[in-house]
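The next block holds one structure in the form of structure tokens; read it before the comments.
Per-chain residue numbering starts at 1, and chain names A, B, C and D are given in the order in which the chains are listed.
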């Protein structure tokens, strides 16, 4: 253990710095002579050779800081292994820099896309340890990802804010929560915010069920309703389409996002006034919450232990309250989705929350 | 002082309940036999005769509650004095209910539109005391309105959240802040959030100045920039148009709001990636902040004193730290705008913040 | 399922109302005719016959409200089964009211003391379902209790606030965190707040180890240090005493709490200025955080399912992410403590955090 | 304008960095060659010659950071002009360093004590501009000081947290708020937190009035009461003592602070259970709130303008919403206290809040 490269890739989120601090503090504690390099702006830095020598003090005071002190960028590959716009072989470039810099290990923090590339690098001979970063909580092999709980807090706060307005004006409010493919964030924020209707990508909705739920509430004398809708919510109709057909249909959609379509349908079918709020990028920003800070610190410390023991090729996950190494090959390419039959869904459904199905 | 009607009108905001609590507690303290009625859902309740007898305990525990416990609705008049869709004379209906209910005074909480109607009722012989409610801070006759500081906090928090993402990804971020006609909220949130560029309705912008400011930042090695843009921000070009021309132009605009247009222009002219966040209705929701609670409590208490002294026809404002009665006739129909020559603007400009002018 | 009594007992905490809402909404959903009674101020209400009929609307809007809408009071027994100060047999009184009110089930929310009495009532023939409430997270049979995460947030926020002052002044700061017997809250807040030293009841400390850790930090050029100290932190010396000896020694202690003693020792041994902050009761107050709201909603919904299935004599716990019924007899009288050998402790220790051992 | 020294002195508070950022950004904007030095740890740094050259990037990203990036320490003089423990003439040492470093101006951020020394330095020939820093809001010549509103938020939050517990248990709760000599913080937090009784240093209390107010609440069926008590609250009895007598009496007091004494008296006289919470140093920590960030930015920018115009010997205050220069000689040695006859007190009193008088 001599030279370690840190790399953060994909959309930023709240607890990246806290996680890197956990890794770094443990490494320095084990060996004060360890050299840590920040590879700048994600895989770009590894491809084009941009890095920065980090010092112990760089990791002081960052436990509570959002974002990433070493920058990030999108996944480098749309198609795995493709060259860049100038024909550069990006995979080779990464392997070359890894060797040139004499790195003993790459510590890579990222989401699903990031893990595919990390697995590739591992297969090509790099020592790699990864950490599960995403507000979407959709990484296979861990019960929970860092960033998720902080994002739940922000999305819930958005619903809380909307609540008072909805109640005062007697309206239907839609809060659109991040999550194109998976609904964890919408599910948790929806429950925490007391949403009456929760629409997830994993449970296609029937607009008539949604309308019925709204009318039931009106009949009970309730003046307002709140919907938590995932960006990737999808109607049963659309779910039946092929990928191509759906893409074509969406392209023609007159609305900036699915929430607006749902809103228009509700307004038309119920006559109730509908308002839409999109907290958007706010959900991945700001301070990590205490839950994430503890999670990140533990995951980071456990990642450092793997490095110290020279156990490479793993992501560190949190399973049943314990940090565990999960082989990268098992993580890459899988998505952890909400199971419509999970007990959490059943419990909430039996409280009267509508999932539109 | 026997029978007092409370009425909240217009868009809700954070400290309406705290204000009504201030009025009610002071009235009950002065005379435990006072009868307070909540007129439901704004002027609608006064027009169509919906009210609710309030009890002292209704005003307990609401100091920290957002929204309004008596509901609200839009201003009843687009054109002052017009009848409703069934031909009902709304003004007469309000005066009739005022008499029928034997009210001694109406306490009306609302913004600019609300004050026009309040003034009309006052001129027609109703005893009226009003309170300046709006997140826009644009009511004439008071230094500050309740709701404003709470909204500043939320809009600032949105910028804070965006900050970490902007810094991590090296992007231009636009946060669109509420305010169609006035820029107080954008100005304060922009300063508090450390925005690099602030665009207000009162200071028409030149997109080239904005671009120049962004390029200057890039030249200084800064990887990201943040713009706080009011909903009602307007380019110099557009500001030169007649109302009609502008309306026509806006109708054809391909973007959901001005921020998207500005974003597209920046992206085109600088090649930098731009992201837009619209906290929207969140800005008027949630708990009132301590500043607003103190302000509301004081304004409410002072309004009660006017009622006790049977001094009607006034809005209670806060001027230089003191509660003052302002004649309704002076308030109605005026707008308190940001003066482009105000010292706050000069101070900030000389720090290097760009206003696009 | 006809008549259900709700009862909250022991110190209040943040998510009691959210939990009761989960139970009530599910019960009403299953059977709109169910009668729910709030038994007032904990077991007192059951002993002395005070209750209130609840309506569905009582459970609306309380998801985010701290405290308990039906009041609470201390455990009724210091010695299980003892009579009250007037000689009243409290156990009999509770059983009598249970019968008199024709209750089908008691839903009891409380901590360890509460569970002993709940188990007693169950053994005496009452139908009982319980829910694990405590900021201490020390209830056996569940991975997590509601209230805990909200309290972690507040205690962490206290450390965050202190951080800036400690850094500005270059001082040693002690934040005393709630927890007389168990250290979960201190452990999590300490990690989340970035404390340098964490002292728990389960890991007796040697003041010399603490001092050594502080001196090591000074030697590294760090100007300040932060200690998270549990109310029940105990020195190795004191841990070796008998209960009686310890009580006698503590009685003579010149300090209001252990933190002050530790502070005085540090000041004497290192010459550094020490400040102590005690957030105290704040830790159990305020809004439940989104994590707790989801947890509470799920636990409450699962408790209702047990009642619907007439499965009595259980506490609902959360184990590995699933709600599970745990026999009351297994829960009562046990304490879930921090295991000094747990991986969380090892992970943090290897980051260089000192536990004083 | 060439070489400027920044110095923060006295207890830290939330918006020191934001203020320095305002000064620095404006100075750099006016003249990119200006040299700014951070004089370390308050006047100590000026006395003993410790400073650090600052760069523009040091002032980036600190708008939201609590504490002070250049450190602080207590006022250097108990008696103005006294030498240090080694006989060093501290005044001379400061003047010598000022000359040796060829400073063109000192920018000093501090409270009342700090201003006495700043005035002394100004009288001795240094160019000085100061800024009003304190959570106490007791500096003469400005309507408001930075730090105050952030501290109000924290103290109010403490009361909010306590509220739910007080309501659940039916107890009397005392929240002790910072402020030895002045009550602004207690007054504002007390109003914002909905305290029933507010005790300030400026309005000596009669414990019997306090008890009467509590009993009145009990008689009205209210189960709990909350007192906001300033650290420096004083009974009428004690207020009548000479300084010496009071000091002697306080020394013998069995309680750690006045709140505990008041609590014991209430418990004895009413039989109600009393709990006390002391948020303490938390009140000066953490992030500055948006209000303070705007205030600090404006004050800082205005201070820079004075320097640019070589207008020395002033504190920058905020008066009726405008930044104004106030001669140091007018500021030094004065205290801005709460006037018991101020309209804010009258307004609140007539709502039924008890001030104990």
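Following the convention adopted for this analysis, a residue touches a chain if its C-beta (ideal position, glycine included) is under 8 Å from a C-beta of that chain, and two chains touch if they have at least 3 such contacts.
Being a predicted model, the structure only gives us computed values, none of them experimental.
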Quick check on the contact network: minimum steps from subunit B to subunit C? 2
Through what angle, to the nearest 5 degrees, does subunit A rotate to match subunit B on its C-alpha atoms? 180
So which chain is the furthest away from subunit D, centre to centre on CA atoms? A
Can you work out the whole-Å distance between the CA centroids of subunit C and subunit D? 35
Here the gap between subunit A and subunit C, centre to centre from mean Cα coordinates and rounded to Å, is 31
Going by residue number, subunit C touches two or more other chains at 160, 167
The answer for subunit D against subunit C in the complex is residues 8, 11-12, 14, 16, 41, 65-68, 71-73, 154, 157-158, 160-165, 167-170, 173, 223, 256, 275-286
Could you list, by residue number, the parts of subunit A that touch subunit C in their complex? 22, 25-26, 28-30, 61, 63-64, 143, 149, 152-153, 156, 160, 167, 188-189, 191-194, 289-291, 293-294, 297-298, 301-302, 304-305, 320-323, 343-344, 347-348, 350-352
